[in-house]
Each structure stands twice: as structure tokens, then as C-alpha cells.
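Common to both upcoming complexes is chain A, partnered first by chain B, then by chain C.
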Partner chain A sequence: MISWDLVANAVVAGILLGGFYAAVSLGVSLTFGLLDVVNIAHPAFVILGAYAAYMMNSTLGLDPILTGVLFTPLFYAIGAGVYRIYYASFERRGEESLRGLVFFFGVLFIIEVALSLTYGVDYRLVEAVYIGKSIELGGIGIAFRLLVPCVVGLLMTLALYLFLSRTFYGRAVMGVSQDQVALRLMGADPVRIKTIAFGIGIAAASLSGALLITIAPVVPSTDRDYIGRVFAIAVLGGLGSIGGTLVASIILGVAESLMATLFGPSWSLAVSFGILLLALAVRPAGLFGR
Partner chain B sequence: MMRLRTSTLPGWALVGAVAGTLVLAGAGVLVARAADPIRIGLGMALTGGLSANGKPALMAIRIWKDDVNKKGGLLGRPVELISYDDQTNPATVPGIYTKLLDVDKVDFVVSGYGTNLIAPLMPIAMERKLTIMGILGLANNEKYKYPNYFQIQPSGPDPEANWATGFFEIAARQNPKPQTIALIGADAEYPRHAIAGARELVKKFGFTAVYDKSYPPSTVDYTPIARAIKAVNPDIVFVASYPPDSVGMVRAAAEVGLQPKIFGGGMVGLQFTTVMTSLGPMLNGIVNYDFWAPEATMMFPGIKEFFAEYQKRAKEGGVDPLGYYLPPYAYSAVQILGLAIEGSKSLDQQKVADYIRSNEFSTIVGKVRFGANGEWAKSRVLQVQYQGIKGTDVEQFRVPGKKVVLYPEEFKSGNVIYPYSAAQK
Partner chain C sequence: MKTRGALAVGVAVIGLGLALAGLGVNPYVYFAGYVVLQYVVIATAWNVLGGYAGYVNFGTPAFFALGAYTSIFLIEALRAPLPVLILSGGLVAALLGLGIGYLTLRLKGVFFSIATFALSVVLQTLIINWEYVGGAKGYTLIRPPVPFFRSWGVLLFTLMVALAVVTVLVARTIERSWIGRGLAALRDDEDAAECMGVPTLRLKLFATTLSGFFLGVAGAPFPYYVTYVEPSSAFDLNYAVNALAMPMIGGTTTWLGPVIGAVLLGTAQQVATVTISSELNLLIVGVVLVLFVVLAPEGLTGLVRKLRRR
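So, the complex of A and B:
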């Protein structure tokens, strides 16, 4: 017999997990979905952000999420720099499809190796007052370790949505994904717009890394666990749709959580990717894709 | 005669010269051979998921090499190590060992770290009749029964079952005896073996399994699992997990208030210093397997000197700063190989294997004797309980009393605090 208490707890846990997944996937939605850049190194930047949070937490005792926020300008600059190299080396020459992919694989490995050499390969965790604590509201247990990343993930989604829909640069990013020539005719430089958007994508990745290390320990190779997941969420949500990314994240989070609670956790990933296949069969452009 | 003599003398001189040259050349060869290093090769996880253990293991093996070379090497020859990064990828193992054997011409090979990385080495070792020292793999030789395989992990003759025997014995000794158990493990090589062994022990000790599930290793949130286990209210929770999952399960148990009477069993990762210092008091009460603890009962000859050197190198190497889990066993694996080479006075694979099979070795992890399947003749998987941990200071883990050895009896250093919740107060 199904316990509704368990189901309710699983749904809430799934939503919390979904909020975190959204944070990790937003950057991919932006770079892959809108800019058409297959940034396979995105999860490596997530881990880089996680190590930045670890470094500040272990040396200065700084809260990991606060560190994540403080480091976003730096990661924005790194992202902008990486895009400029990518543009000059591949995109400008029209060689971005395969060679660009290899480039980002290279970036991924360089980040992994650099982290291994700098911090070693031990598991790294952070300490924060909210880790290991939970509250219970009406029989629903909520772990702060998941609640805080979920709230930050939702705020990141909202901020990115407002940026893309309400600001000049945001609209220009949306425009660059549709028609670069038209954008140029409007007096905007597509390369500059893409540089800004890519920088924002990497800044979002770094902040989500701070959320990740709050939830689970990381090693330099943790990024590989997330490559499939973040691209699956971006595709399921509909490429370039920020709202779609959030919805897809929550669908996958709730599916994983319900399966783990009610039928056994070994089915959770299979069901999540089954949902992805089913959704793409019905809506090939993703849930909110155009 | 004169002609004969004149013609013969230069002939003798020539023969003498040639013979002398050959003798000198032969001596030269002998001298060169004596100076040639004995090469030991291995692949090790220096990157990828198991690198947190692979790097300290390689560091320990290098310490052994330096120790041996300081004492004049083996059979009067220096020891040279050749290692490659297997990237925690079993697919790289056949290539690495083929290169070690055919290109680098190593004299002996040692396995990489972990069950998954030892498995692909087994067919190569068997085909080439190698003596193979395994570094912490669970039940790798159970299917093959290869006689020249030796595993340094102290699992014992029945590795799957022996792995958790202590945990179940401790649980069964409690009064009133716990009745129900939940089994949870990752969908991966080691946890599958550990859970398979635990299922046998559930039957043997007369417990009732009320939850028996596995989860994908990439799981992020463990609270739904902890909550599902809490819903069936088991007396015992046995977990077989890798480090990220172990951390996830311990935190999730604390967050959802999962409070069985005994919790733990086969969690990899709780032995690592960074994990211990991060989880801190959340560890209190957990009963888990381990291989070494800084208790008086575990102070074997040479272990203090080893840790002094390891901890010095670990600071620079960015690896586990205490190194209590894997490094002494990695050291002991090559220590046994070295003792067998010296003892058999040979580099012949079979002679060395025969020597290892028929002798007991004094190592830094104590006396080691191997059984018929290459596992330790007698299991020495410890069950420890974390007790009295306050805060996250690393220094507390250097002293006795924090990881109390409960099992086996001969190494016992304290008593179990039962139930789990009592140790958390």
C-alpha cells in the first residue's frame, strides 16, 4: 500500500533536487540552447566553482554559496575569455562543429588535471551551518542542504529569465540565436553579445558548483557524472528555454525521487531518461522548444 | 718443431686472448646484471573516480621502493618502479600491463587499486602465468581460482561473506537481538559483492530483510532512499557504498532521522580523513568496516615509521593526510613481494608464487598468510565504531578512542555503544 506521506516527501525532495538541477543546467541552456556552442566543458566549470567554494570555505571559513556569488564576476571573465579563444580559433573559420567539440573536451581535461595537480584527488567537502540539518513542516521533512541550493537555483532561473526578457543585452542574446545578420543590421555586434552570454553561462556554472559541493563531496572527475544529465535537461526543456529548463529539471528530480522512494532507486535514472525519450518522441523540440 | 712451436705459440696466445676476453666480457655481463634494477610495474588510478585512493597507494609503494633501495635492494639489485595512470578505467588495464610486460620488460607486476581495476588484469596474469599481488579487490579470484594471485585486502577465505561477518556478529550479540534489516548498495562491482555476502549472513544469523535495494552510483540526493528505509523501520541498516554515496547516506540519515539500532557495515569513504573531518559528529555510532585504526591493538612493527614518512609526503602530494586506510596495505603488498623474492632467491614467477603461498610474512599490517584462493587465510576485516567525535578537528582522529575496534576479538579495543542513537548523544 502506498504511503501518501512518503509520496509527499518524495515529491518535495524531487522539487528540491530539481531546483539544483536547474542551476547546473542553466548555463548549458544558454550556451548550447541559444548560442549553439556545444560546451561539453560546462560541468568542468561547475566543478571549478565547487573547488573555489571549497578553497574559501577551508581557508577563510566563508559560506560556500556566498563564495559562489562573489566569484561570479571572475568566472564571467573566464567564460568570456574562453569564448573569444573558441571564436577566433574555430567559429570564425566555420570549423566549430567538430573541432569546437574537441576544443571543449580539451578544456574539460585541462580543468580536471589542473584541479588534480593543485588540490590532489581527495574528496572535498565544505562546512556550513545548514548542512546536516532539516525542518519538518506538516510531516514533510526538508533538508537545508537541498533547500538552500534549490532556492538559489530558482533565483538564478528567475534572474536569467528577467535578463533575457527585460534587458537590451538579454534580448540581443535571444536575437543572436535566431538571426545574427538581422542583429548586425540593428547595430549590435553578435560576437560581443555571444561573449557576454557565454560569460554568463560560465558564471552560472560556477555558482551551481558552490551549490553542488554543499550537497555532495566532489573530486576533479565529478564533472563526468553531470555531462549527460545537464544536456538531457537542456534538451528536454527545449533548447534555449529558461523556463523549460526549470520545468524539465523538476520533472527529472521528482521522477528520480519518486522512483527511489517507491520502487527502488536503481530505476530512477532509467525512468528519467525514459521520460526524456518519450517527451522527444512527442515533442522533438523539447517541452518548451520552438 | 720450431715451426710447430712458432706456429703454435701465437695460436695459444690467440686462444688465451679470446678466452680472456670472453671471461672479462662475461664478468662484465655479470656486473651489469647485478647492477640492473628489478623492475616492478603497475597501473594505478591517478585520475578518475578512484584516484583519491590510487594516489596514496602509489605513494606507499614508492615509500617501500625507497626503503628497500636504502637497504641495498633485492638480491643485491636496486628496485625500479614503472607506473601508469589507468584513469580508473578498466578498459585501459590490458594495454597498460601489455606495455609493462612487453615493452618495459618488468620482472613483476602489481595490480592497480580496486575490484574493477583488478578484474581485467586477471586473464592477462593467468595467460602469462604471472605472480600477481592484488591491491584491495573484493572476490576477484572467486571465479578463476588462479593459484598465483594474492590479495592484500584482509577479506579472508570467503571474501563476500567474511567482509561483513563482524558487523552481523556484533548485531546478533545485542540483547534483545535485533530482528529486521535493510540492505542498500550501489549498482557497482564492490557493493554488489558486499550485498551478496550480506544476504548470506542475513540468513545465517536469522535476521529478516525488510528492504533490499540498489541505487545508481550517480545518485545526487539520498534523502528519498533514507526515507524509504525509515518507513520500513528496520533494526539494522547495512550500507555498501562508495565515498560520495557514503557521505550522502550519512547526511540523509541524519536529516530524515533514520535511527536504526545498528547502522553502517560496508561504507567506503568513512575511512578517509577529509570525509571524517567533514562529517564530524554525524559519524558517532556508525559501525563500519575498516582495515586499520590508531588503537593500541593495531600497532604492528614498522607501522609508525611508515605513517611518519607517508604523512610527510602526503602534505606535498595533496592526498589523504593520515592515510590509515589503503596506504599501509599497498605497502604491505609490495613488501610481501620483496620478501618472497629475497626468500626464494629468484625472479621466477612460479618460485616466488610458491614461496608466497607457503610462508607467513611479517608486514607493517601484521602477520599475513594466504589461503588457497589467494585471500588472507583468516579474515581480518575490522568493524570499528565511531565514538565521541566532537567537531571536525583532524587531530582527534590520530589518537585512540575515536575509531574503536569492535571486531575481531583479538584486536578489540573497546565495546560497542548500542543502540546507534545512544552513541549520538
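So, the complex of A and C:
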């Protein structure tokens, strides 16, 4: 007998989780969806951001999410640098797709191994006043450690949406994958625009890493779980669509949460990859595809 | 090198392996040699699809583990002997390969690669939840008394020598036949190849099936080698990275590339594991992979070719 209370709780937790998934996936929607750069190392940067939050929290007692925000300029710079290497090595030579993919796979592996060399393979977690507290609304418990990341994730989604639709640089990013010549005529350098966008993508990844470690403890190999999630969300949401990313994130969050409640947590990971395989096989353009 | 010459070299290598098995040197040599040879099989098998056909497979662990878990299932159910395990492990993985071959109809380039990665995780989840083959706890194999050889280490080493030779010979034969030329054509431009009458789908299905078969073959003796198999060791991401890095280092367009890459990188890792640490040797693999893909995309064989031309 399924208890409806349990299901309702799972759905609410899933929606909250979805807001966080949106934060993790925004960068991929931006780089994969709009720049056609398949940054498979994105989840590794998420974990790197999580460890930055852990480091500042354990040594200085700084709030993890505040750390995440403070670290965004650094990760923006790292992202811009990685894109420059990628551009010089692959894109300019016109052999970006497969060798570029291998390059990012190597970067993912290096970050993961470097983190386990530095911090070991123990689970790391952070402390903050809101972690562990919760409120109850009509029999449904809402944990703050899920609510806060969800709210931050929604704010990030809104900010990226406004950036892309309202600013010159944002519109240039939207245009760079469609027509580079037209973009040049508008007085914008495509490489520079892509560098900016990639930097923003990595900065978003690091901030979402701070959210991740707020929700649950992290090990260096956590990034592998998120490869499927972020690409499932990016593909399902329709590559490059910010609204679609949010919708797909919530769908995935609810599906995983229900799966974990009804069948056990060991199955929940298969949901994202199953959705990814299904989306790729049936509708590669996603729900809100271009 | 003519085909007969290649066969002779292959037989000679197996003979050398047997001789080394008879010598009875430090057991660690067989232990480490097995891993290096296993990587020769993996890298060569990966390269049939990744190098010849240009479809990058991130799902190597899925095929390898499928071979290993087919063995476990057959040991548990039938007490099947080793040759049966290897053949069945290969065949089951070949079926999976055929499946991802049909996937290439819809998924090209990066989408294919991401799908193969997803496949690996889904399969791992299924195995974790399948108690019969050990589930998340893992499976402990009690090896029967070793037949013919002094120890299981020596037997498995000799077996892997033979498997590596067979895999390389098959890859070499394919590369030099019309199939290899057809795969090269579809690697360069799939649509153009299709227009010229190259049967691209049949060739891709052949490549994915064969690649899957040998990846499964590489995994089938794994339970005998480690005697304790858990999902995280059979589905280890290292297999995906090594399968990619070794052909990239050696060069992906010829059969020699993956062999050179596997021997160099595999040996370096074994040495680094003993002398430094196993984590650090993984870091080396990652750094070498990135360096090669950025600085020498044609691999070592490509570099040699370039130097000769000068």
C-alpha cells in the first residue's frame, strides 16, 4: 500500500531538488546548447566548487553559499582559460567535436584524481545554521538544506535568463552559434563572446557545487553521477533553452525522488540516465528544442 | 608485412608468452603482465570502433563488466569452464555492441558518446540491484585447482597473451580489408560514404559488435584474476579513460597505435603503482591523455610518420 503522504513528500522534495538541478545544468545548457562545446568536465567543476566551499567552511567557518558566490570570479577566469586552450587546440583547427570531447574527458579525470589526492576519498560536508532545520506545511516537511539551494538555483536561472535576453552580451551569446559572420558585423568578436559565455558556465558550475555540498556530503567521484543528470536535463530541456532547462530539472528531480521513495535510493541514478537514453533515442531535440 | 608473416609473428609472440610462463620468474611479472595485455585487448577493441569508424565509446566499462558478470553468472549457474566463459562473455557483450550499433542510426558524434556513458551507468545500477551475481556487496570466486599450469597467475597470463595476439590479428585483418577502407570512409564523411554506396549501417553494426565482443572477452577472465568482483571495480571509469588514452597516444588509424599505447601506458601505470601510488598513476594517465590530444592528435605513430616525411 502506497502512503500518499509519502508520495506528496517525495514530490515536494523532488521539486526542491529540481531547482538545484537547474543550477547544476545551467552551465551545460549554455556551453553545450548555445556554444556547441561539449564540456563533459562540467560536473568536475561542480565538485571543485563544492570542495572550495568545504575548504572555506572547515577553515574559516564561512557560509558555503557565500563562498560559492565569492569564488565565482576565480572560476570564471578558470573557465575562460580552459576555453582559450580548447579554442586554440581544437576549434580553430576545425576538429572540435570528438577530440574536444576526449580533451574534456581527460580534464574531468584530472580534476577528480587531483581532488582525491588532496582530500582523500572520505565524504566531506559543510556546516551552516540552516542545515538540519525544516518547516512543516500541511503535513509536508520542507528541509532548509533543500529549500535554500532551490531558491538560489531559481535565482541563478532567472539571472541567466535576464542576461541572455536583456543584455548586449547575452544576445550575442544567443547569436554566436547561429551566425558568426552576422555577429562580427554587429561589432562583436565571436571568440571573445564564447570565452565570456564559457566562463559564466564554469562560474555557475562552481556556485552550484556550493549548493551541492549544502544538500549532501561530497566525494571526488560524485561528478560521475552528475554527467548523466546534467546532459539528460540539457537534452530533455531542448539545448540552449533556459526555461526548458528548469522544466526538465524539475521533471528529473521529481522522477528521481519518487523512484528513491518507492523502489529505494539505489535505483534513482538509473532514472536520469534512463531519461537521457530515452530522450536521445526518441526526441534528441528535447521538449523545447530549437 | 604480409598476412602470413603477421600470423608467424603472432604465433611467435604466443610461444614467447609460453616460454615466459615456463620460466617461473617473480609472480608479480605475470600479475602485472596480465593487466598490460588486458589493456592491449581493450585498446585494440575500442579502436575498431573509435579509431577506424570514428565513433568515440565512453562505455568501455559496460562491455568489460558485462564480460566479467556473464562469467560470474555462468560460474554460479553452471560451473562453466574458462573457455566457455570467455566465449560467452564476448558474445553477450557483442549483443550489447549490436544494440549500440543501432543507436548510431539516430545518434552521431558527441550524442553517441554521451549515450554510451549513460549506458554504462544504467548497466551498473542493474548489476548493483541483482543479488544473484553479488549485487552491491560483490562476488567472491573460489578458484578450483589450476589445470596444466603452476599457478592461476601463470595460466591467466598465458591466456591473455593468446587473446591479445588474436585481437590484434583480427583488427589488423579488418584494417586491411574492404571493411577497414569502408570504415575509414564513413569516419571521414558518413553521408558522402553512404552516397558512394558504402553500406554504412552494416559496417557500423559490424564495428560495434566486434568491438563489443573483444571488450567482453577482455572482461571475461576478470573474476578469475581478481577473485573478488564488485560493481565499482568492474565498471571502473579507468577502463573508459585508458581505452581512450591508449589509442590516442599510439595513434588511432592503425592497429599498431593501440598496441604501442597500451604497452607504454599500461607498463608505466604498473611501474607507477608499485613505486609511487595508484592514485598518482591515474593522474599521469589523465595528464598524458590531455597533452597528447592537444599537442599530438595523431599519436606516436603519427609523429613518426611526420618525422619520416621530412
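Quick notes on this one:
FYI, the second predicted complex is superposed on the first by the 257 of 290 C-alpha atoms of A that agree within 3 Å, B and C clash if a C-alpha of one lies under 4 Å from a C-alpha of the other, contacts with A are read in each partner's own complex, and residues count from 1 in each chain.
Criterion: contacts are C-beta pairs under 8 Å (C-beta built on N, C-alpha and C of every residue); 3 or more make two chains touch, one makes a residue touch a chain.
Since the model is a prediction, treat every value here as computed from it, not as a measurement.
When the shared chain is aligned, chain C comes close enough to touch A:Ala114, but chain B does not. Looking at the shared chain after the overlay, A:Leu17 reaches chain B, while chain C stays out of its contact range. Of the two partner chains, chain B is the only one that A:Ile215 touches; chain C does not reach it.
Within the superposed three-chain arrangement, the count of touched residues of chain A is higher for B, of the candidates chain B and chain C.
Residue contacts after overlaying the shared chain place A:Ser266 against chain B and chain C alike.
Of the two partner chains placed around the shared chain by superposition, neither chain B nor chain C is touched by A:Leu158. Applying the stated contact rule after C-alpha superposition, one finds that A:Phe231 touches chain C and leaves chain B untouched.
Applying the stated contact rule after C-alpha superposition, one finds that A:Ala8 touches neither chain B nor chain C. By the touch criterion defined above, A:Ile85 lies against chain C but remains apart from chain B after alignment on the C-alpha atoms of chain A. Judged by the document's definition of touching, chain A residues 113, 116, 221, 225, 266, 269 lie at the interface with chain B and also at the interface with chain C.
Residue ranges on chain C touching chain A, taken from their complex, read 54, 56, 58, 103, 106-107, 109-111, 113-115, 117-119, 121-122, 125-126, 128-129, 136, 237, 240-241, 244-245, 248, 279-280, 282-283, 285-287, 289-290, 293-294, 297. Listed in rising order, the residues of chain A touching chain B in the complex are 3, 6, 9-10, 13-14, 16-17, 20, 112-113, 116, 118-127, 131-134, 141, 143, 145-146, 215-217, 219-222, 225, 229, 253, 256-258, 260-262, 264-266, 268-269.
Chain B contributes residues 46-49, 51-52, 54-55, 88, 187, 213-216, 218-221, 223-225, 227-228, 231, 243-244, 247-248, 251-252, 254-257, 269, 272-275, 278-279, 282, 317-320, 392 to its touches with chain A in the complex. Residues of chain A that touch chain C in their complex: 38, 40, 85, 89, 95, 97-99, 101-103, 105-107, 109-110, 113-114, 116-117, 221, 224-225, 227-228, 231-232, 235, 266-267, 269-270, 273-274, 276-277, 280-281, 284.
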